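Heads up, the next two complexes both have subunit A, just with different partners, subunit B and then subunit C.
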Partner chain A sequence: MEYYLVILLVYLGTDLLAAWGLNLEFGVAGIANLAFIVTIAAGAYTYVICTLSSPAAGGGFQQYIGGFSLPFPLAVVAGTLMGGVVGVLIGITGLKRLRQDYQAVAMLVVSLMAATIVSADTSFLNGNAGVAILPQFAPLSDQDPEIQHWGYVAIVAVACIVGFLVLRRFTDGPIGRTLRAMRDDESAAAAVGKDVVALRLMVQAVGGAFGGLSGALLVAFIGGWSPGAWAYVETLALLTAVIVGGMGSNRGVSVGTFLIAILILQGVQFLPQISFRIGLREDLGWILLGTLTIVFIWVRPQGVLPERRPKYGRSP
Partner chain B sequence: MNGSARPILEVSDLVKHYGGVRAVDGVSFTVQRGTITGLIGPNGAGKSTVLNVIGGFLPPGSGHVIFDGEDVTGKPMHRLARLGVVRTFQMARVFGGLTMIENLLVAAPAQRGESAFGILGGKRIWGRQEAELLERAREMLRVFGMEDKADDYARNLSGGQKRAVETMRALMAKPKLLLLDEPMAGLSPSLSKQLEELFLNLTRDGLSLLLVEHELGTVDRLCSKVVVMAQGKVLAEGRMAELRTNKEVQDAYVIG
Partner chain C sequence: MELLIEAIGFGIASGAVIALGAVGFSVQFGMSNILNITYGSLMTLGAYLGLFLIDRGASAWAALGLASLVVGAVSVVFHRALLAPLVRRGTRAFALVIVTVSAGVVLQYVIVAFAGPDAKSYGEQSGQTFRLLGFILTASQVTIILLTLVLMLGLHLLLTRTTLGRAMRATASNRILAQSCGINTDLVSDVAWLLSGLLCGAAGVALAITTVSFDFTLGPVFLIPMIAAAVLGGIGQPYGAMIGGLVVGVAGEVASAYTNPEYSVVVAFAILIAMLLVRPRGLFGAAWATRRLAA
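Now for the complex of A and B:
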């Protein structure tokens, strides 16, 4: 039971980092990045190939590129950076004068292509079987299980606090205002001198880095990573958290993440087994997510905790 | 030709086709420094297209746009805006999810809070500049008599108010040349009158304006020069008083 709580907390922390990144891209800057999960995958895979030694030294039971035997902090940093790089690459696909809905579709295709390529080429990242790392909890591997578990929760918590402070630098203040303006009308933003291309790529780099960090911290905890872990629907779960929580609102998205990733997607596991169909409970979770998205877009598009309206009008 | 007498804007042989339609067909004119030039003509004459090409919203087919002695043909909008060419749109485009005053603040050029240094450094880097901008924005709202709407979301404003926001926003960007597409449409008569005065005052401080406008009274009061367009071409050029008696201009308006 206690270990289950540890699992939930680590999931919550890594999901928060990811949802904040997506909120910066979609909620604040208006980039409908349906390939967001790819930045998480990039961070996770980078973490894995950075911490593992070379494939041959590991007995050759899994194939992958790299194998640098780096310590935990460096591998996490590498995963974060790779998330940013992949975020920019995804962003480039949406740069041409596409309408927002077409951009979203282009990025969805990127997500599908990335998963297909990684699955098909087993020499790259071990294909569908995925890569596994041992030991888990790399920074704490020679400690007691209890210290390992709670120590790792503490590491994730620190990452979330630092992440949130960095995030607010981008969502508040003049830059946040500029990004929201770009979200509302790109042409009008350009007409008052905003370099929309540079802004979009910056947002993709920062949002992607949040995804990369999330993926690196998650894979160090669960110990393995395969295409099944980053199907495109995972982006939709994060998107639901953003929409239900409140697009553009960091607090709202945090609440949304708790609601979606923990209460609903974990909560359905406790439903009684009502049929012999395997995976029915998971499916119910996804149905609930889809329904929530639709209900919120119709009834409360601003979300549970909407973006705050700044009050400037009167002189102090 | 000496430097200061050179027009702020020189447009030569501008051509823009949409498929087979020659929306703009070899248009040339100039805008002198510190003056207001009017661009008039019947619907479909190509006025907005000319503005869109000068402002960098549309790439030209051919021809040249020289701003302040520099060839800026086909430059993207944000680069032009930073050089001092700021435009408004025919259908007012506001940032609906921002408040009215935020719409103005966002347009200020060279904001320290937008640089990498400012983003990571936080308020101590940009706080002072932000306070100054806030003062400027409040002053602008006072001039337009809209202080009470400062914290309203722009999406909830009326059509005329949105247009006023767009004009204020363009002015916050510190333009040298302002391209205005029907800035008076939908404004109350008293606000239009105020705006006319404001524009005239601003030209005394060196601002130049190119104004597309349907209300010929406004054009008459403001513009030292008027360019009449019809079917993608310049039909006539001169002072409004002269143009009123011009047979070709009358025909263009009647026939459309």
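Now for the complex of A and C:
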């Protein structure tokens, strides 16, 4: 039971980081990045290949590129950076001045495609079987289980606090106002001299880095990563958190993440076994998430805790 | 050389299926201006309905007809009950995409909840093998190519020779003007969603007939070559989508014959990204409804 609480806290922390990153891109800057999960995957895979030793030394039971035997902090930094790089690469598909929905579909295709390529090519990241690392809790592996568990929760908590402080530099203040202006009217923002292309790429880099950090911390905890862990629907879970919580509002998105990642996705696990089939409760979770997104876009598009509208000058 | 010709033959067969799907997708986009990602899951629905019917003794071709009728009906209801009200409420285009992605996920997992996550198969459907001009094709592939040709010809005649088709083209190019000419645009758009659903269901069953096995991700995976074909031909243009389907199908099969089979999807993806970056209006420029693509 206590271990379950540890799992929940780590999931909540990594989901928060990811949802904040997606909110920066989607809620604040208006980039409907349906490939966000790919940045998480990039962070996770990078962490794995940075911490593992070379494939041959590991007995050759899994194939992957790299294998640098780096310590935990360096591997997490590498994962974060890789998330940013992949975020920019995804962002390039959205640079062409196309309709927003068209860009969203292009990014959805990027997500489907990345998973297809990684699954198909086993020499790259061990294909469909995925890569595994041991031990779990890498930075604390020689400690008691108790210290390992809560120590890891503390590491994730520190990452969240640092992440939140960094995030506020981008969502609030001058940068945040510029990004919101770009979201609300891109042409107007460009007309007053804002470099829209540079802003978009910056947002994609920062948001991607949040995804990468989230992925690296998550994989260090769960100990393995495969294409099944980052299907395109996983982006939808984060997107639901952003939409339900309130696009553009950090507080709202944090609440939304708690509601979605913990109450719903974990809550369905406690439903009584309604059928002989094992995966049915997870299916229900997805059905619930999709329905919730649609209901919120229909009934309350601003979310539970909407973005505060800024007041400029004196109000009458 | 023989390998190349064989690959082209296979490419025409898979291009026919892609064209079915892409044309349906284009008809719908041209009419409603909504990028409907649920389309992929509707295709999966078609494949599973086909399976349901075949398991109960229907022939594959009867199943194709029935399943596409059902998917057509579902498509109309989906538009009427969910998308059209959202459009009337002024929901923004990217929010609509998220709605269609979500609806697709819901539909996909409803299918899984009923049918289970394992790979399914229609059983042996290929029948006799034909050799024609160096192409080696199975009877079912030939049938699907012929079926696609007939459906495309039918759609062409509908769009150009009938009052309904003219009304559809008018509504696609300017809904308000069409309305003020006395066209019942709601009815016309229902017909477009019905047609697109029919083609979607037919493509789903045809895809399931020609593949060895499939599972609930059939639709979303197939979205890539389909959207690539639609974009290649200029999204929203049915004729472009026909040619786009053929190009994507042949290019994919040729690439997979010479490299890794999985790379047929990669080729489709490369075509899609290249088109998006270089010529988002499609090869044939703007004709039907593409000029609304720019931001």
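We take it that the second predicted complex is superposed on the first by the 312 of 316 C-alpha atoms of A that agree within 3 Å, B and C clash if a C-alpha of one lies under 4 Å from a C-alpha of the other, contacts with A are read in each partner's own complex, and residues count from 1 in each chain.
Following the convention adopted for this analysis, contacts are C-beta pairs under 8 Å (C-beta built on N, C-alpha and C of every residue); 3 or more make two chains touch, one makes a residue touch a chain.
Nothing here was measured: the structure is a model prediction, and the numbers come from that model.
Participant: Would subunit B and subunit C fit next to each other on subunit A once aligned, or clash?
Facilitator: Result for subunit B and subunit C: fit.
Participant: Taking the superposition as given, does A:Leu112 touch the first partner, subunit B, the second, subunit C, both, or neither?
Facilitator: second
Participant: Which partner, subunit B or subunit C, touches the larger number of subunit A residues?
Facilitator: Looking at subunit B versus subunit C, the one contacting more residues of subunit A is C.
Participant: For A:Gly248, decide between first (touching subunit B), second (touching subunit C), both and neither.
Facilitator: After superposition on chain A, A:Gly248 lies in contact with subunit B alone.
Participant: Just to be sure I read the superposition right, which of the two partners does A:Ala32 touch: subunit B = first, subunit C = second, or both, or neither?
Facilitator: second
Participant: With both complexes placed on chain A, how many Å separate the closest C-alpha atoms of subunit B and subunit C?
Facilitator: Least C-alpha distance: 10 Å.
Participant: What does subunit B use to touch subunit A in their complex?
Facilitator: Touching subunit A from subunit B are residues 55, 57, 76-78, 81-82, 86-89, 93-99, 101-103, 105-107, 109, 111-114, 118-120, 122-123, 126, 130, 134, 137-138, 147-148, 150-151, 153, 166, 169-170, 172-173.
Participant: Going by the contact rule set out above, which residues of subunit A touch subunit C in the complex?
Facilitator: 32, 34, 93, 96-106, 108-109, 112-113, 116-117, 119-121, 186, 232-233, 236, 239-240, 243, 277, 279-280, 283-284, 286-287, 289-291, 293-294, 297-298, 301
Participant: For subunit A, which residues are in contact with subunit B within the complex?
Facilitator: Of all residues in subunit A, those touching subunit B are 169-170, 173-175, 177-178, 180-181, 183-185, 187-196, 248, 307, 309-315.
Participant: Residue numbers of subunit C touching subunit A in their complex, please.
Facilitator: 34-35, 37, 82, 85-86, 89, 91-99, 101-106, 108-110, 112-113, 116-117, 220-221, 223-224, 227, 260, 262-263, 265-266, 269, 272-273, 276-277, 280, 292-295
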